[in-house]
Amino acid sequence: MRSTRIKPSEIGFALFRHGVLGLGALLMLAPFILMVSVSLKPPGEIFAPEFTLWPQTFYAWENYSAAFSKQPLARFILNGFIVTIAIFTFQLITALPCAYALAKLNWRGRETVFALVLLGLLIPHQVTAIPLYILFWKLGLLNSYAAIILPSTISVFGIFLMRQFFMTVPNDLIAAARLDGLGEFGIVWRIMLPTAVPAVIAFWVLSFVWNWNEFFWPLIVVQSEHLATPPLGVVFFANAEAGTNYGPLMAAATAITAPLVLAFLLAQRWFIDGVTMTAVK
Amino acid sequence: MVDAVVNLGVSAPPRRRRAGERAEILAAWVLAGPALALMWIMLLGPAVAVMVLSFTDWTFGMPSFAWIGFGNYLEMAEDPVFWKTLRNTLVYVAFVVPLAVFIGLGAALLIEAGTSLRGFYRAAFFLPVTSTLLAMALVFQFAFHPTLGAINRTLAVLGIPTTDWLKNADTALFALGVIGVWQAVGLSMVLFLAGLKAVPKDLYEAAAVDGADSAWERFRRVTWPMLGPASVFVVAITAIRAFQVFDTVAVLTDGGPNKATSVILYQMYQEGFSFLRSAYAAALTVVFLGFVLVLTLLQVSLQERRTHYG
Amino acid sequence: MAGISLRSIRKSFKQTAVLHGVSLDIADGEFISLVGPSGCGKTTLLRIIAGLEHQDDGDVYIGNRMVDDLPPKARDIAMVFQSYALYPYMTVAENIALPLTMRRMSALQRLPIMGRFAPGATQARTAIEQDVKGVADGLGIGHLLARKPAQLSGGQRQRVALARAMVRSPQAFLMDEPLSNLDAKLRVQARTEIAELHRRLNTTFVYVTHDQAEAMTMSDRVAVMMGGHLLQVAPPQTIYDDPTDLAVATFIGTPQINTLPGVTRADGAIDVLGRTWTIGAGVPGSAPLTVAVRPEAFVVHRGALPHPCAVTGTIRNVERLGAETLVHVAVDGLDKVLIARSDPGFADGLRLGETATLAAFANRVLLFDRNGKRMAAHPRPAIPALREAVNG
């Protein structure tokens, strides 16, 4: 095993490994390649019998400007950021103190509250759709940012994740902070939050991915185009273009997918660790 | 100042609660309060409400309603569309889960088996998990296009018969399933990779010393048993996610053709928000919740068993 | 600076009582060690003084002020933890500065960026920086101020923890096994340093440890705790020479004190393993008791000798430690070996399997009653006939 000479069987295995994984990777990436490729092409080339990866006539400007002008695509993307940032801010503000109380404070009711959190983890968010729709209808909040954001302001998953992380923070650290003069709120924000940065980032990544991509709930509560989140915007776009104008459509799809894909490529480790952390713990 | 008198046994004196303890309890409720309130309003309360609603005949916007017991459920049982929907959902899950799990496992094993290009393969397989499914569904729609689509062009070159996959009642569900697999593989791969990382390296050395040194033996004797708990989890989470399939149905097939791709969440959406039959949709939601809970409980009990004996 | 008084402190966790009414007066400026096996309640007691745990009953006074209802930060005490409890994401300087920041600066001044523009913030900050520098230099960690705890060695972290405790000149220092994460060599060095620190600061130190060497070497007084009871509080030498309880006697001292079963005789002497020891227990009749002898209170003699306070057995092991030699002797009727601490020169000739007599100095034999409580022992002149036999 330690010999430096490469055995033929090892070359064979490497070829096999790269062959299979390469083909798999190609299939996984094919939709992205197709999407970007079509978004760069003029209609004639899209419908041409031969498929080429790179356009003969570079038509990106036309497609992308059409995508951004025919529908308020920039607005959709902006909405995506407004919604995800607002949601995560609320989630963090509510989850962090609760997770701290669950992990580190002694109070009667702690077990019950934690049991409720676990129960909440079992409930897919679609279950709440009908009652929440009725609630927002009664409150006159349908078709508003509030309607999109409010149901996600609480993340039982975030509470659970942060609680698990806080359990690993030594009790002595909290005791030291109390002696050093911090109150319980100070401990949450000055001690627990900085200590839990990896978990917070994982939480943020998942919250961002989830809420950027969420389609079910915005589809139900949003009617106005100017409130549409990115996935909903794509649907408005597809419906308006009646599924024939593929160049601008793919340009729109590319623009809507880009923020997440770029974020993923830049912070791959955080994404994968985050998803893994949520799963394994 | 005596808040509570708790008898701690024979010798213990009555207990008085210290100011410090009271402060801690108060702080705990203040800290947990907002989350707890929101949890009730946005999650637990609605979950209870949906169950209550499912026993009424309320339609959205109506001023009054009546209790009809299991009426909605009886209606459901007699509705062929419901059974078709349920069957579609289960077929979809049965199609997506094994493919996603085994492809994910294979990819994870192959990626871990060598050192070169690890990061690239991992990223390539994982990218679909984070991408906006709805936008990608439109790309798939284009790829599935009967004449212009990349899929049919490729199949034609290979001499394989083609069809309009999304419009053909026999194939539409599986075409959606392909998208489902495409999106789920990365998650199962990443979870298996994490499971593989957790296998202690000295186990392989011990196995090699004991004579199990071929790749297959190492997989059978060490890797697979150690992946046991992880694999139960992967199956469960993939199944739960497949059970929630909605986006691709809503945007690509509208449940058609002829209800061939109508799945439970889509049915619930239509009944609840297109036909405004809130109570019936609530009953569908309860059925949906029931399936998800059963899957989760199955996972928990299996995982515990595999962990003990694994 | 202030003394600390504990008045019948009781504490239970769930149904388990961990402190059964502990009372203790600690003088101003005193260095007192709480020592005992793990689970004896010493750390809980320390945390109750700090206000980190809440006693079920009893009161804590710091400097004549009842602090039961004060939160930890208002008690004006500092604590050094076993794990050091340094904030991992703060630099050494920020770690040491935090207690001062929280006390001297207003909430407005503490705000992340805007705080810099609050009135008085700059002056307060400069003063804190100077204090931090002063304390750090005093402990020889002035060059580490910009580092994070993860970049420090165990010894350096321990000093940072000390610095953070010292920087606000508290009324008392509480230390929870602060040296147990250091390696043996560093621990001996740190022991001396902490003792010097105490002399320099002249502040009350309450030091929790399970290591009797630490307790004995540094303290003015040692408080031995077991099973939630305070068994004895006394200066180290008194604890060693004059333990009031068998548990204290066996806990303190390495190797452990030798214990032998004894029964009092009608004539006032004691029967020990079939021999008569001429020590008066002051209890007539046949009362069972425990005879305890420190290893260095035994003298090893070769062969079987008639001696007024002795047992005879077989040498099982001779441990040569260099400065001293430990002789292990097995005696019939006793299921453990007795250990004598001997001069290496003398013990040189001893061979395994040889018969030997362990003779105890009568004035250093300790007697404990059936409940483990210390009994008075009266060394009596040996019976003349026996003395002749010894001398002959």
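As written, the chains take the letters A, B and C, and residue 1 is the first residue of each chain.
One rule holds for everything that comes next: a residue touches a chain if its C-beta (ideal position, glycine included) is under 8 Å from a C-beta of that chain, and two chains touch if they have at least 3 such contacts.
All values derive from a computational prediction rather than experimental measurement.
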Between A-B and A-C, the pair with more C-beta contacts: A-B
Label of the chain whose CA centroid is most distant from the centroid of chain A: C
Rounded Å distance, chain A centre to chain C centre (Cα mean): 56
Computed distance of Cα centres, chain B from chain A, in Å: 16
Sequence positions of chain C contacting 2 or more other chains: 51, 71
Multi-partner residues of chain B (at least 2 other chains): 21
Of chain C, residues touching chain B in the complex: 10, 12, 15, 17, 20, 51, 54-57, 68-71
Chain A partner contacts - residues on chain C that touch it in the complex: 47, 50-52, 71-73, 77-79, 81-85, 87-90, 98-99, 102-103, 164
Contact set on chain A toward chain B in their complex: 13-14, 17-18, 20-21, 24-25, 27-32, 34-35, 38, 46-47, 51, 93-95, 97-98, 100-102, 105-110, 113, 116-117, 119-120, 122-135, 137, 150-151, 153-154, 156, 159, 183-185, 188, 209, 212-213, 215-216, 219-220, 230-231, 234-235, 238, 243, 246, 249-250, 252-254, 256-257, 260-261, 263-265, 268, 271-272, 275-276, 279-280
Footprint of chain C on chain B - complex, ascending: 8-9, 11-13, 15-21, 23
Complex interface listing, chain B residues touching chain A: 21, 24-25, 27-32, 34-36, 38-39, 42-47, 49-50, 53, 60, 103, 106-107, 110-111, 113-114, 116-117, 119-136, 138-143, 148, 150, 153, 182, 185-187, 190-191, 193-194, 230, 233, 237, 240, 244, 246-247, 250-251, 265, 268-269, 272-273, 278, 281-282, 285, 288-289, 292-293, 296
